[in-house]
Every structure is written in C-alpha cells, then in structure tokens.
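By letter and in written order, the chains are A, B, C, D and E; residue numbering begins at 1 in each of them.
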Amino acid sequence: MLENIISELEKQFQLEAVDHNSSDLVFLTIDRDHAVMAIDLLKWKFGYKHFVLLTAVDFLEEGKFQLTYILNNPDTKTDIGVRVRIDREDANMVSAHHLWPTVATYQRELKEMFGIDFPGSPRLNDPFILEGWEGTPPYRRDFDTKAFAASFYHQREGRTTNDPATYMKEKLYPNE
Amino acid sequence: MGEKILFALISLFLTINYGFLMNGVIRKIYARVGRRHGIPFYQMYIDLIKTLALRTNIRHGTMFYLGPVFRFAGGVGLFLFTPVVFGSAMFGNLSFSGDVLLLLSFQFFGTLGMALGAGESGHPNAAIGVTRGLAQMTAVEVPFVLALMGVAIQYDSLSLHDIVAAQQGGIMHWTLFTNPFIVAAGMLALLGSFMRPPFDVVLAGQEIPIGPPTEYHSNYMALMLSNRAIFPMAKAILFMNLFFGGANTYWEMMIKTFAVVMWSVFVGVSFPRFRVEQSIRWFLRVPLILGILGIVYVQFFMS
Amino acid sequence: MSLEDLNKKQIVSPDGEHFEVDPMNDYFCQDRPEEVKPVNKIVERFYNWARSESLWILGFGTGCGAIEMRPLMTPRFDAYRFGVQWRPTPRQANLLIVSGYLSTKTLKRVIRVYEQMQNPKFVMGLGSCTINGGMYFDSYNTIKRLDYYLPVDVYVAGCMPRPEALLAGFEELKKLIKAGKAEGANEYANKFDWYKKNQKEVIRDWDMPDYNW
Amino acid sequence: MKLSVEHIAILSGILLMAIGLWGILGRKNILKMIISFTVFDTGLNILIVALGYLPGRTAPIVDGPVTVENLSQVAVDPVPQALVLTAIVIGFGVTALMLVYALKMHEKKKTLDINEYTDLKW
Amino acid sequence: MVSPYYILTIGLGLAFLLGLLGKKLSKVNIAVIMLAMISFAAISASWVWQFAFGNAEESLFFSAGFEPPFSIALKLGFQEAIIAFMVNIMGLFSTLFLWKKLHKENDKLAPVLLVLFMGLNMLILTRDLFNIFVFLEITAIALGGLILLDERKHAASAGFKYLLASSLISAVYLLGAVLVYFSTGSLYIDDLILGGPVAGPMAGIAVFLTIIAIVLELKPFPANGWALDVYQGAHPAIAAIISAGVGTAMLFVLHKLMIISGPMMAQMITVAGLLTFLFSNWLGISQRDSNRLLGYSSIGQLGLIMAIIGMQDILGDQFAFIAMGILLSHFFAKAGLFWISGIVGGSKLESFAVLRSRPLLLLMFGIFLFALSAFPPFPSFYAKWDLIFALSDAKQYLFITLILFGSFFEVVYLIRWFGIVVKNTSEEVKEKLPVNITQIIPISVFAAALLFFGYYGQHFMNVPINLNYIPLIAVAALWILDFLPTWVKNTLLIVATLFYGYIILPQLHDFAFIFAIIFLLGAFLTLLFGYSYKGKRPGFYPLVAMMFAGLILLVEAKDLFSFFFAWEIMTAGSYFLILRGKKSQPHAFSYMLFSFGGALLILAGFALAHSVTGSYTFDALTMVGALSPLVFIMLAIGFLTKTAAIGLHIWLPGAHSEAESDVSPMVSGILLKAGVYGLLILFMRMGHQFVLGLDLMVVLSWVAVITSIGGYLLASVQEDMKRLLAYSSVGQLGIILFGLTLMSNLGWLLAIAGVITHFLNKTLLFQAVGGVYSRTHDRTMYRMGGLIHRMPITFIFVLIGIISMSGVPPLVGFAGKWLSFNAVLSKGYYLQGVGMVLAGAIAFLYLFRLIHVPFLGQLKDHLRKVKEASFWILLPQIIILMIIMAFSALPGVLLEPIGSAVGKIFPTGGLTWQDSFLPFGSRTAISEYGYWNGTYVMVITMIIFAVLLGFQMLIQRRNKKVGQFNIVYSAERPSTPETTHAGYHFYAHYQKAVGFLIAPLATNFWNWVSDIVQSIANQIRRIYNGNGQVYLIHLVIYFLICFFIFNGGL
C-alpha cells in the first residue's frame, strides 16, 4: 500500500530518502521546494487528510533544520511523515496553511521558537507562547538558556547545584 | 408608630441573625453531604466582619455604588412589609396585614437595582448573569403566581394576615393539606427563586465567575452578604404564611422557615445544574401543570 | 489582545467630529496605589482576627502546584474547617496562592490579579519554584524568585508541597495576620517603584497600566 | 311563408352583419377588419331599413304622387331612413378615421397585423 | 336663459372656421378656441346660476320648430346644467392645460377639441335616443382624432382599439335605438316615459340594447381592456378629458336612460358597476405604470358611480348627493392627477418623485389622492358614508362588502403611490421640475374646488352635522404659516393647544375628559421636544395639528359621524407624520392599510347599527338587537387594528420606530389611545356579546393576554431600541385591553390607569431614546454602551421610566400590577391573570435590556465625546418625571378620579379609600382582596434606602473611581470596548427556550394574504393582453352574457 504511494510519488518528485519505520509509518525526505506539493498530493489524492503535526529539529552541526510533517490517513490507518531539510542560516519554508488551517498555528510556533519563516502564513508574527521575546529564538541549539536565565532573572543567592548521583549517594549511603 | 418602628427593628435584628446562622448551617449541611466538616456555623459573621474590614474599594460609577444598597434595601423592605408572626405586635413588622402583591413585586426592587449596578461595572459576565436570572425568573414567576392566586381564591383575600387566619385551627387547615397542588407548584417555584442547584445558573461560579456580583467586594460584599441573610428569610416567611399555616410564635416561625429553606437545600445538594433554557422549559411544564390543577381544584372542588 | 490595542486611535464621533482615543489613559485608571494605614490598634486587632479566620483564596492555578490545592477542598484535608474558602474573582479574594513555577507570561496575569485584590491581601508562594526557581532554575522563561515581583507573606517549600504543608502554611499566615505583620499590600504600595522596575525587567512587552485597579 | 322582399332584406342584413362580425373578430389584418366593419355597418343599415319597410308603400319623398298630406298613408316611415342616412354618414367618418389610424400604425411598425400592436397591456 | 343651441353653433361654426384659418394665424386660432371654451363655460355657468339662484325652470328646446323625433330635442334642467358646466369647465381648463401644445399644432388639435366638447354638451342635453347615437359617434370620432394627433409612441394603436370598441358599441346602440322606435314609435325619451314602461318582447330587447351599449361605453369589467390602453397610451391631458369629461357625460346619459329601464336592468347595472369597482381597483394593485394605474382607478370610480345610478331607487333622496359627491371627487381628482402626470412626463410610479421639488404640486397631488381615497374633508368621504348607510338601511350587505373591498384595494395602490412619491429613497430628485403657469392653474383650481366641495358637501348629508371646526382651522392656519421658523410654529401650536384645552376641558366629563387631558398634555409634552429642531421642518406642524385635531375631535364627538370624521382625520394626520421618517415609507404604508381597513370595518359597523336603530348617536349601539354580535365584532376589530392587537400589530413596530424622534412618542404614547377610546365607547355601549354561546369578552381577554405576552416577547428580542419600545407598546396595549375586557370596576380602573401610565412612561422613554438618538444617530443598542457616563440625566429618566413600567414598587407602575391582580381575582379570569403575570415578568427582560445595553456596560469609543441631550429634549421628560413621582407618592390622585368616572358605569366592586395617618392627604386603597398605600411604601422604602446608603458611605475608607477597563477579566485585559460589552443577542438562551413562541406568524399570514391578492390580480389582468381584437371578443362575450341573463336564459 505505502509502496504504491511511494512509487507514485517517485514518479513526480525526487525523494531524497525513504525510511520505513514500520508497516504503517514511513518517512519521506523531499526537497524544500516540492515538499508542500507532495503533501498536497498526499492529502487530496491518497487520502492523508488528517494533519497530525509539524515539528522541527535543529541540526546545528549540519547547519540544517529538519521539518517533519506527519500526515495520517484515517481510512487505511497509515501515517506518512514528510521530512524537509532546510538551510539553518536563511531558515524559511513554503507555508502549508492553505491545506489545513491548523498548520498556521504550528508555523507560528516554529517561527517563535526556531525563527523559521513561513512567508504568507497568517498571524505569523503574533506572539504565540512567549510574549515580547527578543533575540535568539529559544529552541535553537545555539541559544544558551542557562546563561540567559542567569543574566536575565533575579536569582536567589545561595543556591547550590549538586550532581544527583553523588549527592544521593552521600545522602542515602553516607558510609559507603 | 414609634413603638412599631422599634418592634420592627428588633424583629429585623433577630431575623437577620437567624438568617446568618441559617446560612452557616446550610453551608455546613452542604459540607456534610460531601462528607466534610465544613466551615464553622458562625463563619458568616467572620466573613461579614472581614469584608467590612477591607481598607479599599473601588467603584465603576454611581449605579455600581448604589447597586448593593438597592439590593439590601430590597431585602429589608421585603422583610419589613411581611408580618412575621401571626397576630403579634412585636413581629408584625411595618405591614398593616401584609398585602401579598406588594411582596411579590417588591422582590424585584433589589434585583433590579443590583442588576443595574452590576451592569455598570462593565463586566460582560455580570450582564450575562443578569440575563440568565431574568430569563429564569420569567419562568419561575408563573407557577408561583398560580400558587399565589390559588391561595387568594381559596381564602378570598390577598392579605397575609387573613390567609394565615384562615389556616388556623390545626395542621389539617394548612394549605399544604387543603390544596396540595398549589403548594406543590409554589414549592417548586421556590426552588427557582432561591437560586440553589439545579437553578443556580445565574451565579454559575465556575462558568461566568460569578455572574452579577463579579466586581463587588468589601463593603458592597458586606451588604450583599447581609441581604443573603434577610432576603431568603423574608421569602421563606412568605411561603410559610401562604402554605404552612403561618406562625403563632417566633419559635414556630424559625422552625417552619428552616423547613422551607431546607427543602431547597436538600434539592440543591442532590442535583447538578440546569442550563437556562432547560430550567425555563422545566418550570413551564410540571410546576405549571400543577399550578393549573391547583386553580381548577380550588375553583371546582372548594367553592 | 496585543500591544496594538493600546495604540492611540482616531475616532469619528456620531456628529462627525474627529478625536483621539488613548486607550491607556482613557480606558484605565492611572493612579498609583496608596498605603492605607490601620485606623485604630484595638479595632485592627479585631479586624486582623477576622481576616485571619476568613481567608478567601482566589482560584487561580499558575503552575503544577495548582493540583495540590484541589485536595484541600476534599473531605480528607477540608481547608474549609479553618475558614479558608475559594472565591472565583480577585475582587472578593484576599489570598493569592502562586502555585508553582511562574513563567513571565503568567507573571503578567498574576500581577494583574494581585493588583485587583483589595487592600489587606496576602500572597503565598507555593513550591520551590517560587523560592529560587526550583527545577526550572535554568529555564529561559520562568522567574526565579517571586518576592522580587510581589510581596510574599509565606512560602511553602517543596516540590510539590503536600496539602498538609499548605495547611501548615495557612496556619503560619494566620499567625502573621493576627500579629499584624502581613501588610503586603501596604509594602507593595510603598515600594511600588521597586516592584515595578523588577516586573518590567522581565516582562518585556508591558501592555498594561502600572497599576491595575 | 312566402319569402317576401322585406324578409330577404332582413335576412341579408343579418347575414351581412354576421359576416362583418366574423371578419371583425376573426381577421388579423387591420384593413380586413375595417372592411368587415363597413360590411357590418351595411348589414345593420339594411336591417334597419328592412324593419322600417311597410309592404306596398313608396319612398317617403314628397314628389309626384306623394304629398305632404298623404305621406303617412302612401310612404313608408321616413324616420328609419333618415336615421340610416345619418348612420351611413357617420359610418363613413368612422371608416375614414380608422383608415387613417391604419396608415399611422403601418408607418410605425410596417405591419397591419393586429396581433403586433400589443405593447400596451395588463 | 341662453339657448343651448349657441353651444352647438359656436362649436361647429368655430371648428369649421378654424379649419379654414389653417396654420397661418396661429395666435388667432388659440384665441378663438379659448373664446369658444370660455363661452361654453360661461353659458353653462349662467344656466347653473339661474337654476340655483334664479327661478329658472326646466325647459325644452326643439330645433327648427319640429317636434321630436324630427328635431334635435334638448332638455335643460338643473342636472343638465350642472353636468354641462362640469364638462365645460373641464374643457376650458383642458384647453388651458394644452395651451403650449395647441400653440404648436393648433390647426389640427383645436377644431377637434372644440367638436368634442360640443358633442359632449349635446350628449348631456339631448333627449333623443338617436341624437345620443349621433353625438356618441361624434365624440368617438373627435376623441379618436385627438388621440391620433398626439405623437406618443403607442397612441395610435390604443386609439385604434378605442375606435374598434366604440364602433361596435355604437352599432349595438343604434340597433337598440331603432328597435325602440319600432316598438314605441318614438325616439324621444320623455315620450317613452309618458308611455309608461316600454312593453313587449321587442321593446325589452330594444331597451336592453340601448342601455347595455351605454354600460359598455362606461367600461365594465372585464370588457374594458380597450379603455385601459387608451388611458395609458393617450396624452395625459386627453386621458383626463376621457376620464373626467367623457366619463361624466356618459354617466349622465346612463342616468337619463335609467328612466326607461326596468328594475332588472337597474340591478344589472348595479352589479356590473360594483364588479367593475371591485376588480379594477383590485387589478390596479399590481400596476406600475402611472397612467394605466389612473386608468384602473378611473374605471373603478366610473363603475362605482354606475352602480350608484343603478341603485338610485334604493338610495332614494340621497341619490343625488351620493352620486355627485363621488362624481365630483372623481372628476376633480382624476383630472388633476392626469394633468400632474402630464407635467411629470414619466410613466413609472417612481418618476413622480420629481414632485418633491415642487411642494405645492406635491400638496395638490396628495389632495387628489386622498380625495379619491375618500378621506375627510373631501366630498367622496361624505358620499361614501351616506352610501354605506343607505345601503345598510336597505340591507344590501353584499353591495356593502363589494364597495368596502373595492375601496380598500383602491387605497392600497393610491397610498402606496403617495408613499413612493413622497419617500422613495432610490429616486434622487436633482433638478426642479419645469412647469408653467397654464399647467398649474387648472390643477390648482381643481384642488381648490375639491376642498370647497369638501366643506360644502357635508351640508347635504343625511346626518345631523355638528363638527367643531376650530381645530381644523388651526390646521389650515398652520399650512399657511408654514414658512415661519420652527420655534415660532412650535410656540403657536403649543399656545393653541393649551388655549384650546382651556376652552374645551370644562365641557368634557368622565372618560372624554381623561382622554382629552392625555391628548392635550401629550401634545404639549411632545411639542416641547420640537424646540430642539432647527430650520423650518416644512409641513410638520400642520400634520401634527391635524393628528391632534383628529384626536381631540374624537373625544368631543357625540355622534357616530363626528367620531368617524375625527377618526379619519387623525388617521390621515398620523400617516403623514409617520411618513416623514427617513425609512418609514413601507411602514407608514402598512399602517395606513391596517388603519384604513379598520376604519372601513368601523364604518360598516356603524352603518349596521344605524340600520337597526335609525339613530346616529352612540346610544344606537346599545339597541342593535340580533345583529349586535356582528356589529360588535366589526367595531372591535376596527378599533383593535389601532391598538395593534396581536395579529393586527405588524404595522406598529416599523411605523413607530421609523418615525422621527418626536413623532414616536406622539404615535406610541398618545395616538394608540384613540383605539382604546373607541373600545371604551364600544364596550360601554354594547357590553358582553355572545356568539354560539361564547362570550366575546372572554375571547378578547385571551387576545389581550396573547397580545401582551407576544408583544413583550418580541420586544425582548429586538436590537433596535425604538422597535423595542414599539413592541412594548403592543404589549402594554394588550394589558389595557385586558383591563377593558374584564368589564368590571377594577378592570376599567386598571385600563384607564394603564392608559395614563402608559402614556407617561412611553412618552418619557421614547423621548429619552430620542434624546440618545439625537446625539448618537443610532438606534441599535449593542453599538452603544456606557452612556450613563455621558448622558446621566437621560439615564435617570430611562431608569424611572422602566421602574415605573415594570410595576416595581414604590413607583406608580405597581398600581397597574396591583389592580390587575385584584381585578382578575374578583372577575375570575384566573388563567388569563397568570398570562398577564407572565407578561409582566417578560417585561423585565426587555426593560433591563433597554437600560443595560445602551447605558451601562462599556462606553464605546465613538461615543466618548457625546453630550447630554439638549434642554428642550430634557424639559418634557422632567415634567413627566415629576408627574410620575407625584402619582407614585400619591396614587390616590390618579386613581380616585378615574374610579369616580368608572363608578358611573360599574357602581359596585370598586376601590374604597381610607384616610391614613400619613401626611399630604395620602389615602389607602382597599379592594375586596387587599390594600395598598403608595405613600407608605414609598416613604418606608426611601428611609431604608437612605439609611443603608448612609451606612455604606460611613464604613468605606478609600473609594476609588476606576476606568472602564479596570475589570476582572480572567486575569486578562479587555482589548476593545466592543468585544467587552455584552449586548448583542442578549437573551439568546431565552430564545432557545421559548423562541418558537415568537415565530412571525402574523407577518407570514399577512404576507400570504397580500401575495394571494396580488397574484390573483396578476392572473386576472392577463386577460388584458393588448390585442384589440381580443378586447372586441370580450365586449361581445360580455354583451352575450348580459343578454342571456337579462332574457332569463342561461
């Protein structure tokens, strides 16, 4: 079943990778410009009409963000994940909000947390979770949250940090 | 007249305290049903002092400021126009003989004032609560008035004094036994007017926290708490006089009103909440039919 | 609800007159809070007793600690015994429990709610997060100590503190109130500028008046 | 009954009227309708004269044997004939006016079909 | 006396002369024809003068000394003189109107015109059957020529159809005339009369043929398609001649011939006329072309007069008055309307909107339309009254029904037309309509003539007339003074009102007194509001004066006629007033329809009552006997349309809400009381009536209950505050009606007190809302909010208004509640009583909405700079407020006088009043069931309130006024006032619960009725398919049907 869909897709798009996760879940990697077209096709032709989620992973070392769109076909009970790797420096992606209105919300989140731009997506720049955030988006791996917290918030003096393993050992088995 | 005023004040003082204690007891009963200990029975007094003790308050405008005053004045007025104890100079209050219609209409004095005050706060929940209350009231009125009318026809009077007088002479002379239909209609209407579950959608604590009084606090709150002590008492006294033979002593009044209020409490602890349209439809079914039955009964079997 | 709401607006009146509406000044009361001193010592002691015996909590859960407040109403713990009751609106409540970690976004709401409560008002910090950030010590989005932003009367430590601990906290608070030491509201009014400075340092999109009456 | 002159006249008058009426109500061409009208009128006139005819009498013209004195005995009733004369004159006028109308109407629409002139209705 | 032969000579001679003169001397031509027309008019005027004021006697003229049938026999009597005068006046003014046209094409038009009027004159005067034929043909040819000479697009085909039809008809006539001659030996009508009824089978057919031909000439339905086309296709001035001139002459010919017809023929004419009247008015409803519409109307009117001629035996003495009354109205109005149509030029109803640029012309247009609709003070009003009464006396109920329906349909299209012309928003009037003096003069003269005959006509009525003209003179005076600025006129009217009240009030007693006070005080209070308007408000004050004149005449009326007269004056005045609103046209129209329908029912009811008792006083109603349930139902429905009982209420919300701010309180607070007054008179006289053992009062009491519940429910779902108040009026009137139906002392006390409190409350609220509107220019409540901060005084007024209205003690509204309960109990209408209480509870819904949504809640941005309403708006409200407070404190002041008036009708079961210990003469009302002392309740409530307020002020420490957004908003901040204000769809949950009760059943029903009426009309008028031949077939079929009916065939 999924094989048929993959072969159908291969005729039209260049699939960079096909990862069979299980019998009902497969991840396809497609290039940036064609991914949304493929999703469009999956939705209207192959019945993947339920949009499960859109998420991003920061591959700092490779200079890439990997976006993953997970689609579900409720009739065949199969899922297809569409992966797209986009450039980290000029992070932007074709918006898919026209396929499902909810996509816009995911895109807002990615914009706020990763700084990935989706031109044309509605209310993209409205605050989503953070209100009034400035600077590096917090989910980027080059953002140092500890240093930020230490400098930005008023800290209570006298807080110490212990390694849990050694600390618990000392506490529970002081004799050993 | 001076004596009368003095007596009325004494009566008001006693009854308002009784109301506070009763409210405490009601809370206690709610707690016991939930297998809790609940607040102390005197907690209402502490709450009252605390609300009075708040150091600041705000106002949204003149109507907002006057709303609770209207509310409490409505409660006190309703009480003062009601004869509490049959034939008693002490507890006859400021009524001549208690015209039921005056009481029926005077209920809305406070309600209206409060609704306007809440409205001026500019809080949407206040307006929503008021609309719910008014909508439900239109339905509650019908069986209640049917019951009232049944009583008036049966005793040929609208004066509470006469109505009670006609019920003297033993428990079997009470309207409860002479015309159970209208009493049933009236007591079901009472559930609606006491705003306990299942008819408490007006306040709806979790949904439109908490409806009309959302913006009220400190001394406004104190007035409203006091009103909550006197207003249900006045209504309970009205029902007692209409259906349960009135009272010959203050003690009798306390017991009977307690029973009347407890009826709403017992229903209240056992039921979840109706939506507005559900409660409206409910009142326009069973209680309405009972009320009409009562009127028919009065007209064709009693005269 | 966004910052744009507070931009000045050009409005045309029904008669065709043009005028400007400044939401911040026109919709909100701009006054600062004032300290309100007790009137009379003896009366105040009586009042304080009443306040301590009638703690009305605002039903507002800011973090995971809110889950520990529910059992307080159950037969097992039954906080009502101690005169502790829940109110749905800050106007009527006089005790604010900040239940656990507080993100900057929630902090804004907590400040607003706190300021809407009326003068003798008390704050209870619940859980380690309100004391020193707790397990969120390195979070980019939660505050690390509550008392820089609101005058806290009592902290209840733990992660999470159990309901018993909360009950103990109430008892502690009652003692403070009875002793006349729980004057958080007046302290807030007195050190208003300091609190505001701290608040505005972490809330970068300040979109409300300085004091929410 | 013998078919006398007056009967023939009456019948032919009625026949002409019937033909005229048929033409008026049945023909679509305006000119034919006008002609039918004249036929109808003629029939009517014949009918009137025939009805006024008294057998054996002469025309009511005071000339020769007919004098003013014996007019009522010798001549037929002059009134119907006078009426018919007037009616013929008037009929002439009407027919003329109708023809002018036909002309005008034709100028406007270039047709003489009565069915085409139904712009005003309802 | 001038011999009529001069007319013949002048006409023919000058016509030939004109033909000879030709084109060359056009100036002379016009002078000649004008002279001729003037001489016609002068000659006939001299006859009328001599008959009316001299001692002229009827005289006969025979041409050339011969006796008929050899001569042209003319008879000149008073009738002939008048009709000839009318026709000649028509000729004169037509010529004047056509002045310009004549100037252009005189050589053709002028002689034809001259011949036409000569022919008409002769038609009227001649007594010879054959001459009638000759002149019929002459007029037909002349008319045909006139139509042809006009270069309009469809004139030729229309004229041809006309010619076809008239030729056929005259052939029939000729045959008939000749047959008459053969069977009787004479053509002279008077010989035929002298010879008695024409005998013999041949003679019967002969008479039938002659008369049916004239009937056909008068365009009976449905054989009248040709005439409609002529009206539409011909030049309006020629159409005017056909309608007013030729029509009048033909009617007179018919009248002349009636003497030779038998009763059967007369009945046939009557039926034919009435059917024509009914159907052509009915078909007129869906007509959109102005000239054709006028054609339908003309045919209808001619049909009515034809029927009247047919009924002359039934009508007896009043025949001449009735026929002339309707004929004159038709004559002047139709000619005037066709002329106006000629000036306007367009043929769509909407194109008459250009008249707005010429107020005088518009006024005359209105006069013509209302004269046709039989409104007072036009002759048709008096004639129709007499007609209906005479028919009722003769028990011709079917005829009455036909006439009433026909009149109603007529009003439908006439008033709709008026509304479109006055208030059509789609049609913008840009430039002034060009008119010239020769066109204006005829129209103005005819309009003035209508008014003159309106005044003059009533003296011939069969009714003792005792109308009070003083208020009407005030109306006329205000028309004349209309150029003055508003404040002057306002002051004048107020002074006039007060002065009139000073004169009239001492003469009135009991209910009339109470209602007069309401009307006069109402006029005063609502007029005070008028000072807030700037500019001239052209036309406003005469109309206000007209409405109040109607109202005050209503209470002054002592007999049926004065009552009905006042009723119609008031209806017309209020219609115009409502029509002044910006978008009120459709609503004013439906108001007029319901009012007029109701008025017709009232008229019929009065006529029925009169036919039994023969009396014209109100007491006639008490002795109607077996017919009384019917009379009761008709009158009750008639009055209930005014009080907007449920089912008949659909006009009210729109009419009251779309009217101007100061008109709304007039029509809502005051005008509705006229209906109540009518009901009061009805109930007082007729009391309980039974149909099939069912007490109609019980039925009405249920109607009242449903009305008030329905009105209040509908009020509670409105978004528009004036609409809300309007629906509230529906409900309140239901309560008043309920009080009346109780037919007991307390019930009537309730009703009258309700009338007064409703007047006060509704005037107060409408004025307050008007004040809000004057500042916000908006009536939609949810778009406002928080106005208490900007308009606190208005807020207080609304507050007092709603508390008083909702019946919450201590204000006076509680009196109504208390009385209603007591009255219900003592009467035993328990279930209705519960309905009333339900209504009272629902009243809280809309009243709270009215005060909450605009005044409380969030102040909207665009209202931040709104100012308090102006002083002149507030002043009347202050007065009302003081009255309400006074009545609240001392309800005895209000109730005791009413009680004494009611006590005269229901001596038992009233309130007793007991002195109390309180000051200011406060007294306690004691009923059978309970007691009430307003002062006591008020004083105690105020003391409690004051004490508690003092307490609150004492214990608070820091009280801070905060901003509108300083609210608890679930820890959030409101973003805009609009999204924070709860106001739209306020009682959504309530609608969910009981919404099925307010399904628009009544509206749907009336829409359905109107659809049915219109679609039937549309279907029927398809028979006029425009084909001349088909029209001829109609004629033949009509002829045949009549023939068979007449000869007992079929």
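Note that a contact is a pair of C-beta atoms (placed from the backbone, for glycine too) under 8 Å apart; a residue touches a chain by one contact, two chains touch by 3 or more.
Everything numeric in this text was worked out from a predicted model, so none of it was measured.
Touching subunit C and subunit E at once are the following chains: B. By the document's definition of touch, subunit D and subunit E have no common neighbour.
Counted by C-beta pairs in contact, the busier of B-E and B-C is B-E.
When every chain is reduced to the mean of its CA atoms, the largest separation from subunit A belongs to D. Comparing the CA-atom centres of all chains against that of subunit C, the greatest distance is found for D. Separating the centre of subunit A from that of subunit D, both taken as means of CA atoms, is a distance of 105 Å. In whole angstrom, the spacing between the mean C-alpha positions of subunit A and subunit B is 60. Chain centres here are Cα averages; for subunit B and subunit D they lie 100 Å apart. Centre-to-centre separation of subunit C and subunit D, using mean CA positions: 113 Å. Touching of two or more other chains is recorded for residues 55-58, 209, 214-215, 218 of subunit B. Shown for subunit E are the residues that touch two or more other chains, namely 957-958, 960-962, 964-966, 968. Under the contact rule stated at the top, the pairs of chains that touch are A-C, B-C, B-E, C-E, D-E.
Every residue of subunit E that touches subunit B in the complex is listed here, in rising order: 786, 788-789, 792, 799, 803, 806-810, 814, 817-818, 821-822, 824-825, 828, 830-831, 833-834, 837-838, 840-842, 844-845, 848, 851-852, 856-858, 917, 924, 927-933, 937, 940-941, 944-945, 948-949, 952, 955-962, 964-970, 980-983, 986-987, 989-990, 992-994. Residues 1-2, 5, 9, 11-15, 17, 19, 21, 23, 26-29, 31, 34, 36, 39, 60, 89-91, 109-110, 112-113, 116, 119, 207-208, 212-213 of subunit C are the ones touching subunit E in the complex. Of all residues in subunit B, those touching subunit E in their complex are 1, 52, 55-63, 65-66, 68-70, 72-73, 76-77, 80-81, 94, 96-97, 99-102, 105-106, 108-109, 112, 115-116, 119-125, 127-128, 130-132, 134-135, 137-139, 141-142, 145-146, 149, 152-153, 156-159, 209, 214-215, 218-220, 222-223, 275-278, 280-281, 284, 291-292, 295, 299. Here subunit C touches subunit A in the complex through residues 2, 104-105, 108, 131-133, 137-145, 148, 198, 201-205, going by the rule given at the top. Within the complex formed with subunit C, the subunit B residues making contact are 31, 34-40, 43, 46-47, 49-50, 53-58, 205-206, 209-210, 213-218, 221.
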